[in-house]
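First subunit A sits with subunit B, and in the next complex the same chain sits with subunit C.
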Partner chain A sequence: MGEIELNIGPVHPATHGVLRLKARVEKDTVLGGDVEIGYLHRAMEKIAEQRLFNSFFPNVDKLEYVSALNWEILYASVLEKALGIDIPPRAKYIRVILAEIQRIMSHLIFIGAFGQDLGNITVFTWALRERELLMDIVEKISGGRLAPMYLRVGGTEYDLPEGFDSMILPVLDRLEEKVNKDYKAVTYENSLFKMRTKGVGVLTRDTVKKYGITGPNMRASGIERDLRRSEPYFVYDSLDFDIPVEDAGDSYARFMVRIREIQESIKILRQAVRALPKGNYINKQPWMFKIPPTEAFVRQECPRGEGAMFLVTDGGMKAYRLKIRSPSFYTVQAMPEIIKGARVADLFTIIASLDPVMGEVDR
Partner chain B sequence: MDLERFRERFGDKVKIDKNILTLADKKDLIRVVKFVSKYFDVLYMLIVVHRPPKFELNYIFSRYQDQEIIQIKVEISDKENIASISNIFKSAEWEEREAYDMFGIVFRDHPDLRRILLPEDWPGHPMRKDFVVTEEIKHWTGLDLKF
Partner chain C sequence: MIINFFYTIVREFFSVRVSILLSVIILFIIALILTVAAPLILGWVDRKFAARMQSRYGPMYVGKFGLLQNVADFIKLLGKDVLSNAYVDGLAFNIAPLLSSAFAVAMISIIPLGSASLEIINLPYNLLFIYIFMALSPLLVMLGGWGENNKFALLGAFRGTAQMITYELSVLVVFMSIAFVSGSFDISAIVLSQSMVWNAVYFPVLFLVFIIGSLAVIERAPFDMPESSQELQAGWRIEYSGLRYGLLIVGDYVKLLVISMLAVYLFLGGWNGPLLPPLAWFWIKTAIVILVLMSFRWSLNRPRIDQLLDIGWKWLLPLGVLNLVAVMVLWA
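Showing the complex of A and B:
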């Protein structure tokens, strides 16, 4: 039997969105492949040029629907940098809290989806159950669930609700217990899980550097780099947390990095809630404003890697150009190289372990 | 990173302002980018800004050991083409395809220059400032549908 071309997607439950993969397969081995994207392109960058700065916030939510808050924070930050304004300390803490809640939620989705691709429906339902607890908190804070639309230039739309710490601390305790005990039993200490993930889909350090992969996928390949630590923004420099790094670079390492990132995020959240200062939560700006001609470049650590935005303004009330750097875009670009030599049955688990979100890739 | 190295090497061909290098001539791009590749690992972003009648290309390079970034700015006329840097920085391959897709910039010696986000038979390049929404495009995007 010779080489055949196996078409997967664009609409397939295991490709996590609308990714199309054309794999060249011989018997059970993947020889190579080609990736096609663009099926979820919604012209976000063009829309940004046609809307008022503040009116683009709802679109940022839909840009990356699994970690909407992180991208809202990034967009608010790039506007603030272009305007040259500072935000109150309380707003900084609120943003850190929101970013970490969203990071945990995003990683829980990853755990669930990865489990489902391995045929482990248990962990899928568990992960979504725990995510729901955090989802409730986001709903109480902002009124929205998937698309909170909570950030504003200069701070946030509302203050945190009263009794916020008594709301979140029990959830964190429960989450920590679940991740450390229950998830351990069905995933990372489970022998079947290990068989399906260890040594599968190895992402080497060279590939990471060649394609510009960042975030948990990079840290699973033994490169220690985290913008929260090395280029601290908001109040990350005053918080104590570790950067999880694994050396193997396989699916198991990528899973472990995310599990440990959840634990670190819980640690950050506890400190941030304790240290949350009182006072003003927004440096209020008018709804419509102009930004003088300038260029602003901001990058932050999003759940999938380093997200960045480059804003060019011309003195008007709309962006002249907004370029969005999506970390998944670079991960997907490297996919043909990662799947080379894998078994067909592992193909889906490799895609899932890279955790791409197509909304972010296609923009 | 010490940007004086660039001044020594390229003299008045580049203008240096903080970490932004502005090239006077697009012909020097490959030479400068090759020099950049000694110190930087990856093309972090490629930002094209259309200021009719010119394109401004901003290449941002980054490296993994620290947070250093460098931005290279080069201007071309919106009818010209420019050399591809994808044989020096692999991650430029898709970024350049995207720039071709959205702005219609032709990158010479690109291994696989075709549309990436839009369908192959999409008319025109939508991120250009002179892009007009014609009847054909309304039909493509469903704007002419009546409900």
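Showing the complex of A and C:
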């Protein structure tokens, strides 16, 4: 059996959406491959130039459908920076709470999808079961589930519901117990799981720097960098949390970083809920507004890495240009380098461990 | 003997030759019904058990507790169009599922169904015959995978063949050890030899080797690398649909049943047990073994094929052979 070209995707159960991978395979070894993206391209940046500033919020939700709230917060922040307005402290805390809830939800999806790609469907259903608890909370806050459309310029659409802390604290306890016990048993302390993930798909520090990979994938390669710590926005500087870092750079390290980030997010959520101040939750702006000619750049720590938006306005009611920097895009570019020399079976777990979301890659 | 039972009934109405023919036909129909019943019942147990582990409900709407869900699915498979693409090698493609289900019927016919007299075909060396039918399965995988003319199928078929050949050796070594101890390849004799102490007590290592090896031989998860639905999208079965797929599934579940029964016969004392009738003991033990095997499927992820082959050649086979040598030295 000589060298064959194996076409994986865009419709393949293990490619997390519509990633297409053309891998050259000999026997059980991957010689190399090319990544093709663009199957989910919706011209989001162009749409942003056609719509009112507020009317683009629903599209931001669909940008990265696994962590919609993080991107909504990012978009709201860039508009506020361009407008030059400040938001009330309660809104800042609400945004931190939302961002961390969404981060946990996104990492749970990662855990589930990764477990499933390793052949253990139980992990997937378990992760979705815990995600559902948080999903219910998001639903109670915003009325939406996958695409909440909750953020507004200057704050949020509504205040948090009454009795919010009694709603979320039991969920956090349960989540912590599940992550520390059940997930431990079937995933990160399981020897079969370790066999499949340790030393697989190693991402070196050089590769990380070469391609501009950020987020958990970078921190799994031993680079300690988190915008929540290095450039604190909202109220992250007043909260106590650790930045999980692993040195190995393999699939197992990437998994462990995300597991520990869930634990840190739980810590952040507990503090933020306790410290949540009373008062106004929105610095109300009109629905239609103009932004004077200016440029604004905001970057924040999204679940998959550093998300950034660069907004250029020309004084009208629509953006002149909105550039979106999506972290998964850079991760996907590094894929051909990582999969070189891997086994065919590992090809799919490497893709899963990098956790790309194609809606964000293609935009 | 079931055949004698039917023969005496039929003999009262017909001549000798006709009654022999008739009783053989009746036996064949019984074997067929049992073969089809295995996936219907075990499939339901599998789905319901998996659902419980994953905090889902599982099948609920067809019949009480969704008991008839698999019947409905099977009928759906029968009603589907018999599809194949233009590139398949017709003979190899079609013969693999047929042989798979034919072997399933054969295994069900040979193995005793819970007591010494309850076997459809009475063979003195039934353990060896069952092994032969299991040992033929790599051939089927290769036939099917090659006939489909698909890259994913070919990858899956190579994996499957390598895996089965590796682990069949371990299973054969286990069979040899047990046969050596009990002095026979006949399952009834093996059960009889454990009337005092179960073999699992004497040979825990062999029991482990047998469970792991047989799971790999029947491609049951977590050792379902040849199919690995997430990577190879179904592996060597990628082109199979409808009736052909149904036949493959029948073969799968029958193999699971046969493996569980063999575990009980060879290691857990067969139908021996106090108080309850032997038949009840046997099926209780078999049910427990089946549930344990199923729980492996839903709680472990699959290893990589090269890791699996490593385990097979470097650990299971040497362990089995060492055990065989030890058994020979001690018993001789």
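Simple rule for what comes next: the second predicted complex is superposed on the first by the 362 of 363 C-alpha atoms of A that agree within 3 Å, B and C clash if a C-alpha of one lies under 4 Å from a C-alpha of the other, contacts with A are read in each partner's own complex, and residues count from 1 in each chain.
Everything that follows uses one rule, which is that a contact is a pair of C-beta atoms (placed from the backbone, for glycine too) under 8 Å apart; a residue touches a chain by one contact, two chains touch by 3 or more.
All of these numbers come straight from a predicted model, not from anything done at the bench.
Enquirer: Following superposition onto subunit A, is the placement of subunit B relative to subunit C best described as a clash or a fit?
Expert: fit
Enquirer: Where does A:110 make contact in the superposed view: on subunit B (first), on subunit C (second), on both, or on neither?
Expert: Touch status of A:110: no partner.
Enquirer: Would you sort A:211 into first (subunit B), second (subunit C), both or neither based on which partner it touches?
Expert: Only subunit B is touched by A:211; subunit C is not.
Enquirer: Looking at A:233 after the superposition, I want to know if it touches subunit B, subunit C, both of them or none. Which is it: first, second, both, neither?
Expert: neither
Enquirer: Quick check for you: in the superposed arrangement, does A:312 touch first (subunit B), second (subunit C), both or neither?
Expert: In the superposed model, A:312 contacts subunit B only, not subunit C.
Enquirer: Should A:38 be classified as contacting the first partner (subunit B), the second (subunit C), both, or neither?
Expert: After superposing on A, A:38 lies in contact with subunit B but is clear of subunit C.
Enquirer: For the overlaid structures, how many degrees, to the nearest 10, lie between subunit B and subunit C at the C-alpha centre of subunit A?
Expert: 120
Enquirer: With both complexes overlaid on chain A, does A:362 touch subunit B (first), subunit C (second), both or neither?
Expert: The first partner, subunit B, only.
Enquirer: With the superposition applied, I'd like the minimum CA-CA separation between subunit B and subunit C in Å.
Expert: 26
Enquirer: Report, in rising order, the residues of subunit A that make contact with subunit B in one complex and with subunit C in the other.
Expert: Correct list for subunit A: none, the interfaces share no residue.
Enquirer: Note which residues of subunit B are touching subunit A in the complex, please.
Expert: 41-45, 47-50, 58, 60, 62, 64, 66-67, 71, 90-91, 93-94, 102, 115-119, 126-127
Enquirer: Report the residues of subunit A in contact with subunit B in the complex, numbered from low to high.
Expert: By the definition above, subunit A touches subunit B via 37-38, 41, 43, 45-46, 208-212, 223, 225, 227, 230-231, 297, 308, 310, 312, 320-321, 323, 325, 329-330, 333, 362-363.
Enquirer: Give the list of subunit C residues in touch with subunit A in this complex.
Expert: Subunit C reaches subunit A through residues 50, 53-56, 151-152, 154-155, 158, 221-222, 224-225, 228-231, 233, 298-307.
Enquirer: Which positions of subunit A touch subunit C when the two form their complex?
Expert: On the subunit A side, the touching residues are 1, 4, 6, 12-14, 25, 28, 115-123, 125-126, 129, 186, 190, 192-193, 195-196, 343-348.
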